[in-house]
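Okay, got some structures for you below.
Next come two complexes built around subunit A: one with subunit B, the other with subunit C.
Coming up: the complex of A and B.
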C-alpha cells in the first residue's frame, strides 16, 4: 500500500470516527461531565485538605483522567461498535489494513479527549478561583503533543484486544481506576509502594501527567526531558506492539471467524 | 475466463459445549466444495438456512479462511493473496447491519472510497452515479439511521460497488425486504449483470435465483449437490406435476399415508396461518387429487391448486423436504 492510500484511509477513518462521535449524545455527555466532576472532587480534596498548592496538580490529573477515560472507552467501543454494527467484517475485507483504520479512529479519539484538559482548567478557574498560570507554555504544548501521540498509540493497542475478545468491554471497567492510581493522576506517585513503580513507568498516562504538571510549574522533582523521552519511547513501543498484534490478529480472526458476533 | 474456482474447499468450525466440563465440538460447514464461475456470469448459490452459503461467501471474499482445499478469485488465492484480491472485489451482506447509522449515505460511500483506495476525482464522479443507480440521490445527505430497510439494502449495494469491482458477492441481498423493495434490488442486480460484472449471488428465494441466474449451485449441509442452469434443474422434475392442497387439521398418520402413496415423489408441508399447505409432487398429480384428499382422513380441504413444477420443486427433490425445515 502506498503512502497516499494510507494517508487517505487514515483521514477517512478519522473523519468517520469524528462524525459518529460528534452526533453521539452519550459520548458528548461523558466527555464534558466527567472532567467537571473529577475536577470538583480532586481539587476539592487538596483545597479542603489544606494543600491548595496542589490545586493545579489536581486540575491536570483530572484532565489526564478524562483523556485516559475517553481513550480507554472509545478505543474499546470503536471495535465493539463495529462488531455490533456488522461493519467489522467489512473492514477486514477492505484493502486497507485494520491497523491503519483503527489508528485513524484512535487519533480522532485522542484529539477529542484533549478537550477534557480544557474543561478541567475551566472548571478549576471558575469554581475554585485557582490561578492556573502555566510556567512554561511551550514545554506544556510539547507535552500535550506527545501525550496525544502516546494516547493514540495506546488506543491502537487497546483496540486490538477488543478485536480478539467480545467480552473486552469489561476490560474498560477493570482498567479504569487502577490506571488512575498507578499513573499518579489523583495522588503523587511517591505515595505508591516502590515495587509498583515499574508498572507505573510503563504507562503513558504517568509520563504525560508528569510532563504536563512539570511544565505547568508543579512537581518540581520531575524532569521534563525524561518525561518527553519516556513518552516518545512508549509511543514507539506501543506502535510496534500494535503493528505486530494486528498482523497476528488479522490472521486469527480469519481463522476463527465470528467477527459478526457480539 | 474463469472468475472463481474452488477445489475441495472445506471449512470446519470449532465450538464448545458445557460450562464446567467444556467439550470441543467440530461443526462441518463446508465439505469438498468444487465449482467454477465464469467471468461475466451471474452465478447463484441456493441452499436452506445453515447450508453453508454465508461461510462460502466469506471465504471467497477473504473474510474467512478455509480449513481445507483452495479457492481462487480472479486468479488470486483467497488465502495467501487476499491483499491483492480485495481491491478488485465487492461484498454485500443482506440485512440492516453493516452500515454506519450516524453517517449520511453519501459519507458512507466516501468513507469506503477511502478504504478502497479510490482516487478522489474518481470517487467524486462515482458516488453520485452509484446513488443514482440505487435511487438514493434525493436522500444522500440524510443519516442512514433514518433510511427504510430497502434503502439501507440499496446503500449496501452502492457501497459494494464503490471500487467498481470485477466480482461482486451478494449474500442474501433481498432478505427481509418487502416485495417492492426486493424487486428494486433484483432490477439493480440485473443491470449490473448486463454491464458484464461477475456476480455471485446467494439466496434461499428460489424465484429470485430462477429469475436472475445463469447457473446455480445447490448447496446442502455444506456439500454442493449439483451445478446447472435453472432450466436444466427444472427438467429434473419435468415428469412431475405439483398439487398444493390447503387443509385444516391434517394429522400425522394421514400425512404418512400420503407420503407412502406409490406415486408421490415428494411431500412438503408448509404452515400458512392456521392451515397447512401440502405440496405433493407426483407424475400425473392432477388426476390423483381425489385419492390424495381421500387419504387425508376427513381433514377440511380449503383449496386445491395444480401447477407445473418450479425450481423450488426441483430443489426439494435434490435436498429432500426435511432440509427445507432447517
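Coming up: the complex of A and C.
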C-alpha cells in the first residue's frame, strides 16, 4: 500500500469517526457536559478549602480529564462498535491495515477532545470568575499540540488492546480514575507517595498536565522543556508499542481465525 | 395484595438475574467495585489537597454514599431503558399486572449493588484515613440511613426513566443528572458553599438531606437529632416517586392510545 492509499485510508477513517461521533449522545455528553461538571466540582472544592489560587490548575486538570475521557472512551468504543456491528473481522481481513484505521480514528478523537479544555476554561471564567490568563500562550499551544500527538498514539495502543477485550466498555470506566490519580489531574503530584512517581511519569497525561499548567503560569517548579521532551518520547514509545502490539494481535487472530471469540 | 407481592417478587427476581448475568463475579470485582473505590479515592485526594484531612473525611462519606445513591438512580432509570432495548416494553404495557410493585422489585438489584459499593468503599479506604477516620459503631448506626437514602433516590431514577421513555437518551440523562448531583448535593463540599440558586437546586433533590443526616450520625448525633433531616429526605423522595408514578402512568396511557411505543 503506497503513501497515497494510506493517507486516503487515514482521512476516510478520520472522517467516519467524526461523523459517527457527532451523532453519538454519549460522546456529546462526555465532551460537552462532563467537563463543565468536573470543573464545578474541582474548582468548588479548592474554593471551599480556602485555596482559590489552585483554581487555574484545577481548570487545566479538569480539561485534561475531559481529554482523557474522550480519548479512552471513544478509542475503546472504536473496536467495540465494529465488533457489535460485525465489521471488525472484515476490517482485519481487508488489505488496508486496521492499524491505519485505528490511527485515523484516534487522531479524530484526540482533536475533538481538545474542546474539553476550552469548555473547562469557559466554565471557570463564567461560573467562578477565575482570572484565567495564560502566561505563555505559545508554550501553551505547543503543549496542546504535543498532547494531541501523545493522545493519538495512546489511542492506538488502547484501540489495539481492546481488539482482545470484549469488556472494553467496562475497562474504560475503571481505567479512568487510576489515570486521573496517577497523573495528578486537579491536584499536585507531590501529594502522592513517592514510589508511585515512576508510574506517573510513564503516562502522557501527567506531562501534558504539567506542560499546560507550567505554560499557563502555575506549577513554577516544573520545566516546560522537560515536559515537551517527555511528551515527544512517550509519543514515540506509544507508537512503537501500539505498532508491535497490533502486529502481534493481528497475527494471533489470523492464526486462530477466531476474532469473534474475544 | 398477594398478586402485588408476586409481581414485586417477579420484578426483584428479574432484576437480580439480569444483574448476575450482566456482572459476573470477575466483572464485579474487576470493574464495578474498583470503580466505586477509585472514584471515591480520587475525590478524597483532591479534597485533601484543597482542605486537608477534615475535607478529605467529608469527601469520603460523600462519595461512598453519592456513588451508592447514584447507582440506585441509574439502575432504576436504565431498567425502563433495558425493557425498551429488549423489545419487552410493549408486552409489559399490555400485561394486566400492576406495574408499580414490578418497578419497585426491579430496583432491588440496584439497592444491593449500591450497598455493596458503600461497604466496600468504607472498608477499603477507612484504614488510610489515619487520625481522621470513623468509629465503626457510628458507621453501623448510620447504615439504615444509608439504605434509606439509596431508596429515596429511586423515585428520581424512575422519574428520569419515565421522562425519557419516548426518547433514546435515557442512560445519558441519568448519568448526567447523577454527575450533577455530585456538585449540588453536598457530596464533596457543603451545600452552603454553592451559589444560592444552586443551593436551592441541591436542597430540592434527594440525597442532600439524607447525606447531612448520615454525616451527623457518624459524628455522634442521635436519630432524634436528625429527625427533621430524615423527614425532609423522605418527603422529597416521596414527591419524586409520586411524580414518577404520574408521569409513568401518563406515558403508558399515551403508549396504549397511540400504539407506537416501538417507535421510541
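Following the convention adopted for this analysis, the second predicted complex is superposed on the first by the 256 of 262 C-alpha atoms of A that agree within 3 Å, B and C clash if a C-alpha of one lies under 4 Å from a C-alpha of the other, contacts with A are read in each partner's own complex, and residues count from 1 in each chain.
Keep in mind that, in the parts below, a contact is a pair of C-beta atoms (placed from the backbone, for glycine too) under 8 Å apart; a residue touches a chain by one contact, two chains touch by 3 or more.
Not measured: the values here are computed from a predicted model.
Asks: Could you tell me whether subunit B and subunit C fit or clash when both sit on subunit A in the superposition?
Replies: Aligned on subunit A, subunit C fits beside subunit B.
Asks: By the touch definition at the top of the document, which applies to A:45: first (subunit B), second (subunit C), both, or neither?
Replies: In the superposition, A:45 touches subunit C alone.
Asks: I'd like to know which partner A:23 touches here: subunit B for first, subunit C for second, both or neither.
Replies: So A:23 only meets subunit B here.
Asks: Could you look at A:217 and tell me whether it touches subunit B, subunit C, both or neither (first, second, both, neither)?
Replies: neither
Asks: With the two structures laid over each other on chain A, which partner does A:96 touch: subunit B (first), subunit C (second), both, or neither?
Replies: Only subunit B is touched by A:96; subunit C is not.
Asks: Quick check: superposed on A, how many Å separate the nearest Cα atoms of subunit B and subunit C?
Replies: Subunit B and subunit C, overlaid via chain A, are at closest 11 Å apart by C-alpha.
Asks: Of the residues on subunit A, which ones does subunit B touch that subunit C also touches?
Replies: none
Asks: Sort out for me which residues of subunit A touch subunit B in the complex.
Replies: It is residues 1, 5, 8-9, 11-13, 15-16, 19-20, 23-24, 85-87, 89-96, 101, 254-255, 257, 259-260 of subunit A that touch subunit B.
Asks: Going by the contact rule set out above, which residues of subunit B touch subunit A in the complex?
Replies: It comes out as residues 13, 55, 58, 61-65, 82-83, 86-87, 91, 93, 95, 97-103, 107, 110-117, 120, 143, 159.
Asks: Quick one: in the complex, what on subunit A touches subunit C?
Replies: Checking each residue of subunit A against subunit C gives 25-26, 28-29, 33-34, 37, 40-42, 44-51, 54, 167, 170-171, 173-174, 176-178, 180-181, 186-188, 191-192.
Asks: Taking the complex as given, what residues does subunit C use to touch subunit A?
Replies: Touching subunit A: residues 27, 30-32, 34-35, 38-39, 41-43, 45-52, 55, 59, 168-169, 171-172, 175-176, 179-180, 182-183, 188-190, 193-194 of subunit C.
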